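The following blocks contain the structures, represented as structure tokens.
In the two complexes that follow, chain A is the common piece, with chain B as its partner first and chain C second.
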Partner chain A sequence: MVEPLRWQIGTVTAIRPQTDRVASFTLSLPDWRPHRAGQHYDVRLTAPDGYQVQRSYSIASEPDRTGEVELGIERIADGEVSPYFHDVLVEGDRVELRGPIGGYFVWEPGMGGGPLLLVGGGSGVVPLMAMLRTRRAAADHKPAALLYSSRQIEDVIYREELEELASQPGAPTIVHTLTRQQPAGWSGFARRIDEPMLASVLGHLGGTAAGSSAYVCGPTLLVENAAAVLTNLGLPPAQVRTERFGPTT
Partner chain B sequence: MADQFVSRGFVGRRQAPQGDEASRTPPGQYLTRDFPVLSAGPTPRVDLSMFSFTIDGLVRQPMSWSWDELQALPSREWTVDISCVTKWTKLDTRWTGVSVDTLLEQVELDPAARFVVAHSYGGYTTNLPLADVVNGQAFVAWGYDGQPLEPVHGGPARLVVPHLYFWKSAKWVRGLRLLADDEPGFWESLGYHNRGDPWREERYSGD
Partner chain C sequence: MTRIVLDDPLMLDGNAVAGELQEMMGIDVTTFLARCAHCGNRGELGSLRAWTHGPGVVLRCIVCSEVVIRWVRRPDGARLDLRGAAFLQPG
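The block that comes next holds the complex of A and B.
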């Protein structure tokens, strides 16, 4: 019998804004369990009259951070749970949650022999960040790349940390595309993710497409297109793992 | 008890459904008007000229239907509420398809058959008790809202078992295999509940 995933009450220990709409929420958990990069937690809010709502949020932290978990949460204007996180919660508040959840969109050091390609759009980068942080913590130096689509530079989540990551030994290749607006002097991609762009990132990685593993997370259209292109480029469908990261209100 | 926990400062935006809609929304779910897409991998493209739907396993004689043969079976419109384990529920979805009962009528079941595994183009599988797909509870759909079912939603054909969480409604379905013993499918092997009744909130193993 599998041990059930019980609800537990975590305590908010840090809230760090990442962009105008996205923040990192760190919670300490009394019944912490190591997670795998790519997994999520379910959060449940309860009003005094017993009214409840639940949502799922991706884990951004690496499992090495014993006893705590960092969630990346985008504020959805007409949402019910994410505005509570952004507008009401302060450090020291308690939140009910359970997890970690999810067993397919996960990456661990040693998985797959070949290069690792991460493709993210908007807040879909959150579980991919957990993978990059896990890779760094494990000093896994196998070729890895992140192709990350944002509307504009101000919307890039984990911007400084991604720059830092890219300058370390065994660094992943970080490639941004800014689809709506680019800062002056921008020399990077400035369009939606397409086949030439993915081919170019795969080229950077070396190795064969057939030996690469890809994780794609973002809005449905981005995920559908990128996954289809990756199979066209020679990745076996079983090595293209996808997760839709639509607005979770 | 966790049930007595109250989230400080949370009153809720009360997007919660009212009346009839409330009574049709399982616990922990919210209503959505759009149709989210959740898949574990790339959307397979299925060539209709190569399509076949098969019932095999514990049957006297396995049976396969081509695309045209499947379409020629007596089909009907179904209007059902669907709930995804990722917490959205969509009411009054309209489908066109053939009842699993109609398909099973065309084979002779071994009395030992008690479970089915639905399997799909792309390799997806999900397991169900036979009792959950008979008596008008499940159908194979190729139409949605009066249109051919789009590939992202499981076209050309998907199993629909509306009374269970929607991962049981296998997209890109290509057959049902009858078994004597239960055999966990894709998500059921990855920490999700074996049966997945949304009214009992059977989301994950052990729920």
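The block that comes next holds the complex of A and C.
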């Protein structure tokens, strides 16, 4: 018997700013279910007149945090839901949500035999962070890399945790590209994700492109471009999983 | 087969409407294989291209861009049109 997906009321237990526009919201859930890295929750707000609006937000937490879930939410200036999270919600407030949802954009330890390539743009890094946290919790040391595109260094979400992750045994290779502004002395990539960049990261990973699995998440046009390039580089289309967030904000 | 690039910033993936699909179907169907009735391409439902900003939701084939699945919500329930899918295969 499959349990139906039900709306439930979660309670905000922590709000941690990550950047100017992105914060981590931890919610405790009465009907918590284990999720798989890459899944999301639907959040629904209801106005006093009954008007409802719904959005999906990716889970950032690893699956073994029983009873709670951490969502990474970017504040979209003209959004209907994210400004409420950022400007109105405080710890102890209650929010209606349902999940975990979606089995397609999911990574679990042991999936795929070859290297794991994660490609994220902006807040598209959130579900990829869940994958990296899950990989660390499972002590999965198969080759993995994250290519992460941000406008500037201040916009890098989970910056300290990514640095810490990169210094551990079996660490994933973490490659940043800063597309708009770079700090003094920056020696990394400073342009939008393109074919030479993806080829270079795949090269770090070793193995064959045909044996690699990729997860690409971010603004739609970034995802569209990166997925097409990965296919050109020899990854089978079925091994390039995508999650498009819509227009760039 | 040529893989077309659909250059629309509003385009999402089938995975983005996983919650609505699960509400209608009772289970997560994003890993089901769908065969496009127009061109025959087979792919996971979560990988279809999704347009969600209209009054209904449209999922299009990633190869030929024809409509595979679409639905509208009405006060008396959803109407799900599967004519663009030759079959669905549980994944």
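Note that in this section the second predicted complex is superposed on the first by the 244 of 249 C-alpha atoms of A that agree within 3 Å, B and C clash if a C-alpha of one lies under 4 Å from a C-alpha of the other, contacts with A are read in each partner's own complex, and residues count from 1 in each chain.
In this text, contacts are C-beta pairs under 8 Å (C-beta built on N, C-alpha and C of every residue); 3 or more make two chains touch, one makes a residue touch a chain.
Predicted, not measured: the structure shown is a model, and the values here were computed from it.
When both complexes are superposed on chain A, chain B and chain C occupy overlapping space and clash.
Of the two partner chains placed around the shared chain by superposition, neither chain B nor chain C is touched by A:Arg151.
Once the two complexes are overlaid on the shared chain, A:Arg33 sits clear of chain B and of chain C alike. Once chain A of one complex is fitted onto chain A of the other, the partner contacts of A:Thr242 extend to both chain B and chain C.
Touch criterion not met for A:Arg191: it reaches neither chain B nor chain C. Residue contacts after overlaying the shared chain place A:Ile101 against chain B and chain C alike.
Of the two partner chains, chain B and chain C are each touched by A:Leu5.
In the superposed model, A:Thr231 lies in contact with both chain B and chain C.
Within the superposed three-chain model, A:Thr220 lies in touch with chain B and with chain C [touch as defined at top]. Only one of the stretches 8-16, 62-70, 80-88 or 98-106 belonging to chain B has C-alpha atoms clashing with chain C in the superposition, and it is 80-88. Residues 2, 4-5, 42, 56, 101-105, 220, 224, 228, 231, 237-238, 241-244, 246 of chain A are contacted both by chain B in one complex and by chain C in the other. The part of chain A that touches chain C in the complex is made up of residues 2, 4-5, 40, 42, 56, 98-99, 101-105, 219-221, 224, 228, 231, 237-238, 241-248. Residues 2, 5-16, 27-28, 30, 36-44, 86-87, 122-123, 152, 186-187, 189-191, 203-207 of chain B touch chain A in their complex. Contacts from chain C toward chain A in the complex involve residues 3, 5-16, 18-19, 22-23, 26-28, 30-31, 43-47, 62. Every residue of chain A that touches chain B in the complex is listed here, in rising order: 1-9, 42, 44-48, 51-56, 79-80, 83-84, 88, 93-96, 101-105, 220, 223-224, 227-228, 230-231, 237-238, 240-244, 246, 249.
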